[in-house]
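Each structure below is given as structure tokens.
Paired with chain B in one complex and with chain C in the other, chain A is shared by the two complexes that follow.
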Partner chain A sequence: MGELRLMKGNEAIAEAAIRCGCDAYFGYPITPQSEILEYLTLQNPEKTTGMVVLQAESEIAAINMVYGAAACGKKALTSSSSPGISLKQEGISYIAGAELPAVIVNVVRGGPGLGTIQPSQSDYFQSVKGGGHGDYKLIVLAPNSVQEQYDFVKLGFDLAFKYRNPVLILSDGAIGQMMEKVQISDFTPRWTEEEIVQMTGSWATHGKPETRKHNIVTSLNLQPEPQEEHNHHLQRKYKEIEDNELRYEKFFCEDAEYVFVAYGTSSRLCQKAIQLGREKGLKLGLLRPITLFPFPKKQIKMATKKAKAFLAVEMSAGQMVEDVQLAVKGKRPVKHFGRYGGMIPMPDEILEAMEELIAKVEKKEAKKAQKKAKKKAEKEAKKQKN
Partner chain B sequence: MSISIQDIIKEENKVFSKTKLLTDKVFSYCPGCGHGVAHRIIMEVIEEMGIVNQTIGVAPVGCSVLAYDFMDIDMQQAAHGRAPAVATGISRVFPDKYVFTYQGDGDLAAIGTAETIHACSRGENIIIFFINNGIYGMTGGQMAPTTLEGMKTSTSPHGRDLHQMGFPIKMTEIVAQLDGVQFATRQAVHTPSAVRKTKKAVKKAFENVKNKKGVSFIEIVSNCNSGWKLAPVKANEWMEEFMFPVYPIGDIKG
Partner chain C sequence: MTEEIIIAGFGGQGVLSMGKILAYSGMMKNMEVSWMPSYGPEMRGGTANVTVIVSEERINSPVLKMYDTAIILNQQSMDKFEKSVKPGGVLIYDNNGITHPPTRKDITIYLIEANKVAIKMSNTKVFNMVVLGAFLQVKPIVNIEDVDKGLKKSLPERHHHLIALNEEAIRNGMAAVQLVQEAA
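Coming up: the complex of A and B.
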């Protein structure tokens, strides 16, 4: 095991890339994630592990450099923040269409437009519902600590190559900028040229040897029939990912009557709100999706057995809450609480929102009980009359 | 005494054979189009240099989007205009391989201008082939940045008006200013001598990659019979008369 280090979330991404055998990073400065590029250029891993680091002329160029390197079977990484990620969407769609493995980091800031440089979670729709054009899915990992920020780089590459699919690490400005202790892993050597050919020789472009046909990396089919077939193949792959790669965490859910659903920074804030609520005797819990695609639909549905209501807490105007509602299917009330545009809610604000929800549910329950009692009494009275 | 067909097709009488690096797939290009010849000479040079197992090409969006169907080498297809960025990604992770892009004027000089300029400025060790026919061929003959003054296209139906639509852009002259560019030349493929000169330039470009000299930028002024609405021979005459004065043939740098 490696050492324990105090690190900034953005630095953790960079250090993890160097240590997990990443071949190339292509990026462009944007707050609040510029430390990734700065850290990498300072470390200059080209001299140690051979990892290429290049500042591109734009986010568009950076994602297309990732396309080129990934199509060679190399482990390629890029990072940006919300406005820059919007620019990358064309490239991400091409990478998904051509089925290339790549890892993309979004250290989310407040929007829309140029927005703010403060943390936000308002890119959920963009991350899990497409973002770019066409029917495609990214595997979306949502870290809530600097340690996970570090660990998800390697996990991201593992999943990206397992499924030949782009992986998005959906972080936010708070996790990117905060410092926490991180367990650093040992160096994993980059794949050798022989290993790359062995692992990716069936599809990647290495230069055509006489022993095989030429490899072509493209997302184009001029005819609709093969394109539909390609889409069927992609959908089968996404189903497989849903079956195998779901990750989530439960926090105080065993006896919880009221459940928060939150990811990333919001999930950390909910943990504190749960602690404050439990001190007051409220049975609160948290269901934290770690993968946003796949989304823990079944786990949320199962939670309706015990939980009386759900509160989706997001630093957005309400995006993930729609997926929670779809999972709950109207069986229980699902509400949203969020601060956004770069604002971070305080745990007591979150608790207050939950208490409001609890009060509403209890009032409704009391009304229902009252009605039931009244009906019962009327029935009894009728019986006696007869 | 007349020579029979059997005598003519004897191996020792053979004066030309198609390079092995062109597939047998029928070109999707219009009859008379310069793409076929440009494809052939690039593939011939790769075969002659024996570097097929070290070469990766990048196809653009445009008529040559399907170049990978005809070139029997490992290839990637890039998003519109992004080929130089894609080639940068390849060349950076495979610094010892031969990487080239093959792009049209809409791809390279309009939507991909930034990628073109910056790949050239960084001196990426790649070749950029730039096929300039002054029009968007694939989408049906719209105005390109390189469309000549007064030239009629489907989006400049009254002819390109310089006041409204600006001037034709001369990319090779622009990139020749950049220190990362080792070799910038403008050639054509409409006559045997032009083909020979272009092939020489192609060879030089691949030698430059071998010697890690930075960007080699080869513009090939070409025709578009369909877009120009001219028969192939007429199109070539028109090209000589009107395209060459604006896009003069010859080496600009290196």
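Coming up: the complex of A and C.
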């Protein structure tokens, strides 16, 4: 085991990349994720592990460099923040279409447009519902601590190569900028070309021996029939990912009557809100999706057995809440609470929003009970008359 | 034990690095720590603040509305954070440049003339360490040995010869802090 360090979330991503055997990082500076590029440049891993670090001329250049490196079977990483990730969408769609492994980090800031530089979670739709064109999915990991920022880089590459699919680490300005303790892992050497073939099969374009046909990497197919077949294949792959790669976490859900659903920084804020609420005797819990695709639909549906209502807490105007509503299927009230544009909601604000929801649900329940009692009384009165 | 702290002042006063050293020191004592800086336009406009949490338990929210201790080093921060001290909590401030001293009666207030102490030491760069000393005198959540270890860990080796100076500044800060008012 490596040592324990105090690190910024952004630095943790950079250090993890060097240590997990990443071959190349291509990036372009933007707040609040610039430390990733800065840290890598300072460490200069080309001298130690041979990892290439390059500041590209733009975000678009960086993502296409990732495409190129990934097509050669290399572990390639890029990172940016919201406006820069928008620029990368064409490349991400191509990488997904060509079935290449890659890890992309989005340290989200407030939008839309250039927006602000403060933390936000308003890129959920972009991350899980496409972002770029075409029917594709990214595996989306949402860390909520600096340790997870570190751990998810290796996990991201593992998943990216297992499914030959781009993985998005959806972080935000708060986790990127804050410092926490991180358990550092030992160095894993970068794969040799033989090892790439050994571990993931022969698909990359790293030189054709006479013993096999050309490996072709492309997202273009002018014939619709094979393109539809390719799409079928992709959909089967996404189904397999949904079946096997779901990750989530539960806090105090055993006896919870009211459940927060939140990811990333918001899930940390909700934990504090739960602590404050439980001190007041409120039975609150949290269901935290760690993967946003796949999304813990079944687990949320299961939670409706005990939970009376759900509150989706996001630093957005309400995006993930739609997926929570789809999972709950109208069986329980689902509300949204969020601050946005770079504002972080305070735990007591979140608790207040939950208390409002509880009051509404209880009022409705009381009304229902009253109606029931009235009906019962009327029935009995009728009985007595007869 | 959980101690939730905000340190706020001008950029360049060493607010962020003081928070960092405190977080490192907590880590040396095997405690959980989090350090959440302001990195927004306030940083570019001259003021800086950082939330540091040191705890024996896992830390949930890294941002807070109310703090156990506020360390305030300029007037803007006083205006913003005096009201964010929990009732019965602690406010430590340097009166250099403060035109409106704190007025709350339900908190314990300490004064540290860190600027004066630093000038007396003929080194204004140790200002933040004087403030850290004042804090540690009031809330000994880590001891000076942990701070030493933290400094060794956080500073590059070429700066290790400055650790003794920093330690002296911390001790001077500990001696110079004055109680202004006990919480009513």
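Please note the rule applied: the second predicted complex is superposed on the first by the 382 of 386 C-alpha atoms of A that agree within 3 Å, B and C clash if a C-alpha of one lies under 4 Å from a C-alpha of the other, contacts with A are read in each partner's own complex, and residues count from 1 in each chain.
Everything that follows uses one rule, which is that a residue touches a chain if its C-beta (ideal position, glycine included) is under 8 Å from a C-beta of that chain, and two chains touch if they have at least 3 such contacts.
Remember, it's a predicted structure, so these values are computed and weren't measured experimentally.
After superposition on chain A, the partners chain B and chain C are accommodated together without colliding. Number of chain A residues touched is higher for B, counting chain B against chain C.
By the document's definition of touching, neither partner reaches A:Ser185: not chain B, not chain C. Of the two partner chains placed by the overlay, only chain B lies in contact with A:Ala61; chain C stays clear of it. When both complexes are overlaid on chain A, the residue A:Leu6 reaches chain C alone and has no touch with chain B.
By the touch criterion stated above, A:Met346 is placed in contact with chain C alone, chain B being left untouched. By the touch criterion defined above, A:Gln299 reaches neither chain B nor chain C. By the touch criterion defined above, A:Ile117 lies against chain C but remains apart from chain B after alignment on the C-alpha atoms of chain A. Contact with chain B, but none with chain C, is seen for A:Gly91 once the two complexes are overlaid on the shared chain. Per the superposed model, the minimal spacing between any CA atom of chain B and any CA atom of chain C is 31 Å.
Residues common to the contacts of chain A with chain B and with chain C across the two structures: none. Across the complex, chain B meets chain A through its residues 51-56, 58-59, 65-66, 68, 71-79, 82, 85-94, 97, 114-115, 117-118.
The touching residues of chain A, when paired with chain C in their complex, are 4, 6, 31-32, 116-118, 173-174, 177-181, 265, 268-269, 271-272, 275, 342, 344, 346-349.
Taken together, the chain C residues at the contact with chain A in this complex read 20, 23-24, 27, 32-37, 39-41, 59-65, 153-154. The touching residues of chain A, counted against chain B in their complex, run 23-24, 26, 52, 54, 56-58, 60-62, 64-72, 74, 76, 90-91, 94, 98, 205-210, 214-220, 222.
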